[in-house]
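Just dropping this structure here.
Chain naming follows the written order as A, B, C and D, and within any one chain the residues start at number 1.
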């Protein structure tokens, strides 16, 4: 064995120092790093398997990582792996578990007593149904009305636990006694995933349209853990994915026209693409795709008046 | 295009006639076949891609399917696909969704009102905790005590629904209002999976150790649907997997000794393998692996007395 | 069973009429549709599982499919499935098989004689190494020099086949005799994949940076098969993915500045982002990311002079 | 942060000491461990997530691992991960890559020059086609005839390399120049997989029916690496999977009859199951399933005479 081939495992000090540390999320949840494999350099090393001996090092590590991210060369990012211990309400976990590319061991309420903790909602955190987005929320209920709901919540959670415990006292099997526990009941799991699939999870679950609860977990994982574990990958992710703007074929052509100062052409394109349909009274019909375009125009500092 | 190459999709009359039909499961759940791809012959066709032109047909279709099943040649079974529409309690669905190789679209309680139905337990169906198996049940509570539990269940489910509806009435977002719904609340999903992975699901969930609720679904899927869709594959599955007996290295050697009439050797092997450890009073210590061996011996009609 | 629940499998006439038809690719390859499940409407139906009874149909099917594609709601596209029979050179198949989400049965050269056909290169189709892209080609060798290479290729392929057949004649096992067959040897496979993962495959393999051989297969699958099978999905794929333009965080801010007429700001942003590093003689250093930005500016009809 | 929660990564001395070490396989291949995550105890820790606080430790770690393996509780084994660097002939790699649950970065012959090494067959290692198993080999060619084949192999490999280099000299793109390289050409890859899926790979590829070349790699990985990394898991794998005997429903019933001394009943069962069909002259027809049963009987030391 050639001494020059001796390896040691990559070690990231910033993540070593927080192994096992609980990051609190919601009222009684947490995320902890249990183990990890690889670092920024491990991504580079895997990508460089492609290069034969003697190939000169044409790009430095940072540039290579950013190139890989930009061009969707995803396999080198699979070469890093992380294992987390999480505690989350079952309702949040129902969304989490939809990501099929992770390995999971969850707390078993067939085997053990259900955790005696439910997520509770403070009086100021009852969110109102969004009128714009059928699957979203917008704003908060006033705290006085909120206090009523919080009290009712507390009562219901106590009632549900009491029923659970009465069943157990009667000798009912744990697997059946649990059947009416509220979705707010906390569960725990070990969750292991590679970096590529973790970034997919984070992009989706840190998104403003993700539900607030799982977004809280995703933000902690992204900003407190991944950003420290693989800082170069994380910055590339922010620059090329999370904060990137994707323009559809139609949007790209309309924005080109606007940027070129061809307002009339932009408008006729928008009409052709069905973005400017009108009501009988001449006003513009609501159109989700036009609203999305307007958001992008606004982000890019471009103004446009459709009329 | 060579006319001899014209294909039409394989069609299975027995499954065509039950497309869309609801098979009832539990008090308010169901399974329906929405679509399917392939049949017994499609498994054979895929396996035969291996054979060059002119290779004589050495085995008939049934024998080939049974050979593939027996020898774990799994890829041809992936060539069939089925899509089901299911309605199940969320508690059952939590187990179901752990199978990661399926495609899923689930009813969204962020987008829509939660289904107004919860699984209810009749007074005669409260199962007692198993003393042998920490994660199982065994026997039933007497129906008088059961009636009390069923009444309490009903009251709790009504309470939870009332709280849910009060939140909605107060304008709370559906995504948050649902947080204390009981796990017994019904959900629906489209679930699409290939035949190989479906058989894995069925082997696990039809097993006597699976929880009664999901076992009800698995039995319907296996016996009412798969058995009619791909009857030859189904019989092979029963013969070579579901009803097969696996002997560990240790079990195989002990059974060989018993079958050969070498009782003493069998016993000394069992001792060597740690199956016959004793308490201070000389009685055999409880040992799960020995109990499993005894079950297999009993299944095979072999008697043995360890002492 | 409610009669209103009777279903029949979705059927797409445009694809039924080409079941089994060979689409030729390269000199001796092909693609054929063997079976399929689902259609445009099946995507919609799966997405609509989310909607409770009584929800009014707020969007028509086309708009819904386009919304799903635009917002990366990928699971409904998994509800369609297709099975192809392909014949491709092993070298191409080596790239193809890297897509792990498909089911595959490949022709076995352990079991059967290797297919007696290799991909041959006409004298006009020898591609020159790209100087810009280390893993690409650009332009063609002149046909006179090409003729020499084609003749040498022919001779090598014959030599390799002769050695293969001599081994078989000597009684060598097929699994070993094949070991020196050229990568150009044709192989065949059944390949089954869901629509979502097929679109991922097509986006990557129809891309101008994909190797010409696999691009030929991808183009046929996309334009001759998918476009006919699920025309609404296909158009949405072209509009929102294949022909979309993604701007990185940095590109979006530079383009905003250019579009707003703030040339100096655009330039100072580009400097800040490291796109305008210079050589000692003052000329701009080569920079891949700047070149990519310039391509996008050009696509969008925006002009910019960095100096 | 509670000090009691501080973790450090599990470390396995036996594997640390061989990180980077090349294990030679075939004439010019190798396997090296690049990185790993987890150990025997990590499997246990994940399985114990199920246990609530205060649950007494009913089983020691070894017994728990063996229980999990025996009962196909596979998810805890996914909690360990290993990354290997391998060098193997492309022909072997074609089989290897069929395992879809791993992460892979392979040496790119689009980007770099193909590795200048092909697997060569010594004169004594030409394997003869098995007559019993269409996809296997049995015995060796005599070394004199082998020498002729080895010389022809050497000549062909040189010829193929010369053609490859002439193409490159003519400016042909690497992606096309490689098209006629022999399957025996070596390639390299980083290959990362979790322990559960690695054991599946090993069970299949260490099997006596696996091709000799990939079996060489599998044996090294199993015996030199996994056995040292997770020794308790490895022993459980050998005892409950690799060396286990699976009896089909039919085999179990026949063996029960034999073991009970009911020879006639065993024979009539075998007839009923179609294992004893006869030729017109009264001799037994060849029957693969009967042969498999006879092998198991022989393994178990049971004798039986069908006539």
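We adopt the following convention: a contact is a pair of C-beta atoms (placed from the backbone, for glycine too) under 8 Å apart; a residue touches a chain by one contact, two chains touch by 3 or more.
Since we're looking at a predicted model, the values are computed, not measured.
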Note down the smallest number of touching-chain steps it takes to go from chain B to chain D.
1
So chain A and chain B: same face meeting same face, with over half the numbers shared, or different?
same
Most distant chain from chain D, judged by the mean position of its C-alpha atoms:
A
I'd like to verify one number: the distance from the centre of chain A to the centre of chain B, where each centre is the average of its C-alpha atoms, in whole angstrom.
32
For chain A and chain D, what's the span in angstrom between their mean Cα positions?
37
Give the residues of chain C that touch two or more other chains, as numbers and ranges in rising order.
104, 108, 111
Could you please specify the touching residues of chain B with respect to chain D in the complex?
66-67, 70, 72, 204, 238-240, 243-250, 252, 255-260, 288-289, 292, 299-302
In the complex, chain B residues that touch chain C:
1-2, 5-10, 16, 19-22, 32-38, 42, 45-47, 49-52, 55, 75-76, 78-79, 81, 83, 85, 103-108, 111-113, 115, 188-190, 192, 194
Using the touch rule from the top, collect the residues of chain B that touch chain A in their complex.
89-91, 94, 97-98, 100-101, 104, 108, 110-111, 118-119, 121, 126-130, 134-138, 141, 145, 149, 152-153, 156-157, 159-160, 163, 166-167, 170-176, 178-184, 211
